[in-house]
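One chain, chain A, appears in both complexes that follow, with chain B as partner in the first and chain C in the second.
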Partner chain A sequence: MPSTDHILVPEHELMSDKEIKELLKDLDIVPENLPKILESDPQAVKLGAKPGNIIKIERRDGKISYPYYRIVIEG
Partner chain B sequence: MQTEVIDYIRFGVLSPENAKKLGVIKLTVPDTYNEDGYPIDGGLLDQRMGVIDPGLICKTCGSRAKSCPGHFGRIELVRPVIHSEFSKVIYMILQSTCRSCHRIMLSDEHIDDYKSILTKLEEDTGDETEPAAAELGTQGEKGDHATMLKRLKNMKKCERCGAQRGKLKFSSPTYFYVDDYKLKPDEIRELLSKISAEDLSILGIDGSKNRPEWFILSVLLVPPVNVRPSITLESGERSEDDLTHKLVDIMRINLRLEQNLNAGAPQIIIDDLWELLQYHVTTYFNNETASIPPARHRSGRALKTLAQRLKGKEGRFRYNLSGKRVNYSARTVISVDPNINIDEVGVPQEIASKLTVPFYVTTWNMDKAKELLARTEYPMVINVISKDGKRKRAIDTNREDLIKELQVGDILERQLVDGDITLFNRQPSLHRVSIMAHKAKVLKGRTFRMNYCVTSPYNADFDGDEMNLHVPQNLEAQSEAKFLMSPQYQVFSPRDGDAIITNNEDGITGMYILTKDNNLLTKEEAIYLLSIAGIYKLPKPGKGEMYSGKSIFSMLLPEGLEFEGRSGNAPFVIKNGTLVEGIVTKDTYGRGNNKLLVKICNDYGYEELKRFIFVSAKVADAYVTMMGVTVGVKEYTTSKKLEDERVRLLEETFEKINKLIQDYKARKLEPLIGYTPRQSLERMLIAELNLVREKAGETLLKYETSENPAVEMARSGSRGSILNIEQMTMFLGQQATLSGGRIKRGYYTNRVLPHIVPGDIRPSARGFVATCYYSGLAPTDLFMHAVGSRSSEVYKALLTARSGYLYRRLSNALQDYCVDSDYSVRDTNNNLIETIYGGDKLNPIFMRFEEDKKED
Partner chain C sequence: MVKTQHNASHMVEYGEPVGIIAAQSVGEPGTQMILRSFHLAGIESTISTSGLPRIIELVDAKKKPSTPVTYIYLESRINKSFEKSEELLKKINEVRMSGIAKRVLENFSKGMIKVVLDRQELEVEGLTAKQIASKINKELDLDADVKEGNIIISTHTKNLKEIRAASIKIMKMLVSGIDGAGRGTIRRDEKTGEFYLVSGGSNIDGIMGIDGVDKKRTTTNDIFAIYRLFGIEGARNALVFELKKTLKEQKISVDERHLDLIADAMTSMGTIKGVGRHGLSGEKKSVFARAAYEETMKHLIHAAAFGEIDSMRGVTENILVGKQMPIGTGSVKLAIKKEDLAKIKPKQ
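For the complex of A and B:
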C-alpha cells in the first residue's frame, strides 16, 4: 500500500485558483506567509502539485477536523 | 531620510595598508600623560584618538566628547608578530603548502578532484559566498577536506616540485619550527604571501579578499580612548584601563627593539626582545591564551584584555547585550503574611520611598498636583518632568518655584503609595504567572510580603527567596497590568484549567478541622474567626449556643451559593450558601478538583473568587493557630495494635508468596498471558507486595483516628500521605525498584548483598523492608533503602536539568506566536502557523465546567 494512503495521513487536496483567492482574502495573507510543503513531498507528488500551488489538508483530531493550508515550494 | 537595505556584511582580516589608513595617528611615545597631566602627543591618550572629558574637543573630528565616535590610532611594529588567534590557520596553511614552490603539494589531478567536490558543493548550496571548504570539513562529502589536509600533513615530498621538506612543528601559541630551526614571523609572512589565491580557495580561504600574510601583524590598531577610558580616583590619581596598560607594554618593547636594531645590537638580544613583543601582542588580544602565563597588573590581578571583554557570562555579549537592566524596580527577600490579599504585595517603606509613579498634570488635577508637590514627607514628589522632557529633582528648597512653574502636560514622579499597580516577579520566569500584577501595600519591615496562596504560581517559598518588583510607568501599562495580570484572573492555569492560586498547606488543615462533623465553636471563637474575615454577623447558633464549624465556613461562602460536588469519596453539598454536608479537603480547592472555585467564578465573578480564596485561607490560618496543630514523634509511634496488625498482614502475604514460589518451582504456576512463568511469578509477587502496602494503609486509617494530627493532615491532603505515616509506623514496603523491577544484582553471583543466598527470590532478598523507621532498619534493609534513594536522587537531577532546558528551548521558540482575532495563530511576520488555535479554538483557562463532562 502506498504510504500516502495510510489511515494516519490526513486528506490532501489541491485548491483551485478561485478557492485560493478566497482563502487568501479570508486569512488576509500573502501566499508566502502560508506554511510550506515540498514539491517532493509524497502527497504533493501524488497530487501532481507544482510550486505555487496550495494544498488544503483536512486535519482530524478525535471527532473534530479543521483545514490546514500549505503552499508548495521547490525542492 | 533615505534608507538603504544592507545586502550583506563581510567579516575579514584587516590588511596593514587598511590598518594604516584606519589609524589616524602613529603612536610613538609609550606613555599617557606628561607631568602637567596633559595627554602626550603621540602617546596612548593622544587627543586625536577622541576625547572623553566633557568640554574638550577632539582633534580629529572637532566634536565634543558626546558626539565624537572615537578614532583608531596605530602602532607600527618594527618587527612583525603573529596574531595568535590565527596561528592554527597559519599552521594549517604551512602544512599544506610546499616551502619551495609555494603551491599546495598535490599534483593537478588531485587538486582537480578536490576542486570538483568544492564546486559541486557550491552548486548545491547555490550560494557562492558560503565558505565551501569549511562546509567540506563538517558535513556533506566531508571527510574529503579533512582527509586532504591529513594527507598533506604527512607528505614528506612535494608532488609538484619534488622538494623534500623538513618536519613542521607548531608549539602554541605562536612558535613554528622546521626540524629544529625556529621560523621567524617575517619568514612565515614571506611564505604565506607567495601562496596563490587559487590555492587558498582550496584550503577554504577566500584569497581574493583576505590574504594569509595579514595574519602576521606589522601595524597594530589602537582602539580609541573611549573604548579604554581612564578613571580619575577620588584622590585625584588617574587609573588607566587594562588595555591602555597593555598597549604601553607593547609600545615600550617596540621602542626598545627599535633602539637596539638601530644600535646594531647582537642578534640574541634582538630575538629576545622580539619574542617579548610577541608575548605582549598575544596577551593583548587574549590574556587567557593557552600555554603562556597571563600578563598581570602590578597588584597581581590578571589583565582583562580584548577577548576577556567579550567572553563568557560577564562578557559584553551575555552581560551587556542580552542582559539589560531596568529602572523603577526593586528586589528583596520575600516573606509570608496571610493578611495581605492575594492581589497585594507588601512593600517596605524604604522601597516605596525610592520607587516612583508618574502623575500626569492636567487642567482638572492641577490643584491636586500642586498639593502633592508641596508635600515634604512620605507621599511626596521626587522629580518634576517638564513638558519639554527636562527632569528636575524636587528638593525642599525649590518646591515653591516648581509649583509656580507647574503647567499642564508636566509629569510629577511621586513616591509609591498603597494601591499602586506593580509587577511582581520571581525568577526563573518559566511561565506567564511568574509575573503578576499586585497592588502595593506599604509596610514596615524590609521584606516583600505576599499571601501564601500565590506562592505556587511563582514557585516561591520563604527560605530566603528574593523577588523583583517593577512599577509600570504609564497609565496604559498600569491598566493593562491591572486587567490582564492580576492574580484573580490567573487563578485557573492556562495549561489545563486547574486552579493554581488556591488555599494550601495549613489553610487546608485549618478548613478541614473547622468543617469536620460535630465540630462546635463557642460564641467568642465564632466572633473571632468571622471578624478576621471581615464578617460582622453570626450564623444561627446550634444547640447549647454553640456554633458549628460548618456554619462558620458557610459564612465565608458567597451568598446563595448552590453547589454539589465530592470531597474525596464523600459528598460535598452547599445549599443556599450553607455547607450542609461534607468536609473541606484539598479536593475542595482545586488542582484537578476546581469545581467549587469554578462555580464561584462563574456565578459571582473574579472579585468574589479572590475574596473567597483570601478569606478562607485567612480564617483557616487563624483557626490552625487557635487550635495549635502540631506533630511530633508521638504521631509516628507504633502502637501495640498496629504492630500486631503489621505482623499479621506480613505473615499472610509471605505465606501467599511462598505458595506462589513453591508452585513456580513445581512448575504448577499458571503463567500470565504473554509472560514466561518466571516473569509471571515476578509480576504476581510485586502485585502481592503492593497489595500488602495498600492493606496496611487501610488498617492505619482504621486504627488511627482524628486524634492524630499527622493522619489529619494526610486525610485533608494538606501535607504528607498515608504512605509516609505507614512507612514510619508499620513497614517500608518494597524498596529499590530499579527500572520497574525489584533489585536483583549488585554483589557477584547474582545477589544483592553477600548476606543473601544466591537465587533467593523471596521479598526480603529483593529489597522488601518489613520494618519501619520508628523501630529502625536492619543494616541490609538500610542498604536497600539507600539504593532506592540514590537512584531516585540521580534520576531527579538528570531529569530536571534535561527537561528544564527542553522547556526553555520550546518556550523561546514559541514565545512570539499569537492568536489572532480570527483564532488563527501567527508569528510577528504574519506567517500563518495554524489556521485555528489548537484545532478547536479552546483556551483551557476558560474551559470551566461545573459538571463532570459526560463521556460522549
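For the complex of A and C:
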C-alpha cells in the first residue's frame, strides 16, 4: 500500500465513544450533521474506521490548529 | 468550532449568511479577472491554466485539470546536487520512440522496419541503441537488432497491414520514464537552495514509486489524484492551496476564510463535489431551491411525480415564495413554554 503520509494531510484520529458523546452534547448536534468521510478513504482505511465512527482531524491553519470532525459513511 | 482559539468577538454571528458573503467575495474580483490576463513569457516551461478558467475548473470539480503539473520534491540526499537531481529527472521524463527516432523505414518486401535513431537525442536522454532494442524485444515481442547504431526489427510477416501496425506500436512505445509523467524541468528554490522538479504530467502515482522522490512533499495540481492517494482532507487542503495560488497570481486578495468555506462545502460529503448543477446546487434538499437555479421544469415535474416535500428551511425557497428568509434575525422564531401559557389570563 502506498504511503498516505503527506504535508497536505492533517492528523486523523479515531474518537472514543465517550469523546463522541461529549462532542455531540457540546455542539448540540446529531452525528448526521457532521461532514462526512467515506469508509474507503485512504485515511479512514489506515485507521480501520467503520461507518458510524467519528474521526477527529487536527487541522493546521498557519500557527494555530483547530479540530474538525467527520463521520464515517459507507462508500 | 473555532471558539477555543479565537476571541469570541472574532467569531461569526449566529445566522450570518456566510455562504452568500463568500460567493460575493470571490465573485466580485472574479469579474475583473476576465479582463486582466497576463502571462510571464518565456520563464515557465509549462504554462498552466490560470485566472478565471482555472477557478472555474476548481469549483466545478473537473476530474482532470486541463494543464496538469506535478511538483516533485526530492529527498535531502539528492536535492542539494544538480547532477543527482538531473539523474532522477531522466528516470521520470517520459521518452517515447517517436521522440528519439529520426526516420522510420519500412521494408515491406522483407518484412523489416528500420529505425534511424537521433544520436543527439539519445545522448541527452542517456540511452543506448542496445537498451532500446532489448526493450522492443521484451515489451513488443519482436526481433530487434542493432546495426550501425540503428535498430532493425524483423516482423516475420509480409502482410502490409501488420507491418504498419507494428511500426505504429514501436513509435508509441515508452522507451524510458514514467507513462503520463510528461517532461520535466529542474528548478531551484531560492529560499532553501534545494532543487526540485516540475513536470507537465499528472501520473503522481507512478512518480511516487520512484526511489529518491520525497513522498511527503511531492504534490500536483490534480485535486482528484490527491483525493485518491491521500483522502478527502488532503484534497480539501489542495483545493484551498490551488484557489489561493490562482488568486494570488492574479494579484487579487480574497480573505482565505471564504476559500476555506468553499472548499469545506465542496468536500463535506466525503467526495469532491462541484458547486454547479451536478454538485452542491443540484443536490440541495429543497425542491424550490433547485428549481430556482437551473432546469426548473425537470425538478418541479420530478417533485410532483414523486411527492417530494419542501421544508422551507433555506434562503432561496423562502425568497421564492415571499417569506422571511432564515438568516440573521429571520432565523429566530418565537415560542412560548406550555407552563407559561397556562399563566396567561384572558382579559376580562
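By our rule, the second predicted complex is superposed on the first by the 72 of 75 C-alpha atoms of A that agree within 3 Å, B and C clash if a C-alpha of one lies under 4 Å from a C-alpha of the other, contacts with A are read in each partner's own complex, and residues count from 1 in each chain.
The rule we apply is simple: a contact is a pair of C-beta atoms (placed from the backbone, for glycine too) under 8 Å apart; a residue touches a chain by one contact, two chains touch by 3 or more.
A quick note: this is a predicted structure, and the numbers were derived from the prediction, not measured.
Of the two partner chains, chain C is the only one touched by A:43; chain B is not.
Contacts of A:6 after superposition: chain C is touched, whereas chain B is not reached. When the two structures are aligned on the shared chain, A:75 is found in touch with chain C, with no touch to chain B.
Between chain B and chain C, the partner in contact with more residues of chain A is C. Once the two complexes are laid over each other on the shared chain, residue contacts for A:33 go to chain B alone; chain C is not touched. Touched by chain B in one complex and by chain C in the other are residues 27, 35, 59, 61, 64, 66-68 of chain A. The touching residues of chain B, when paired with chain A in their complex, are 822, 824, 826, 829-836, 839-840. Chain A makes touch with chain C in their complex at residues 2-10, 12, 27, 35-38, 41-44, 57, 59, 61, 64-68, 70, 73, 75. Those residues of chain A that touch chain B in the complex are listed here as 27, 29, 33-35, 59, 61, 64, 66-69.
Only residues 1-2, 4-5, 205, 208-209, 215-217, 219, 226, 228-234, 237-238, 241, 260, 264, 267-271 of chain C touch chain A when the two sit together in their complex.
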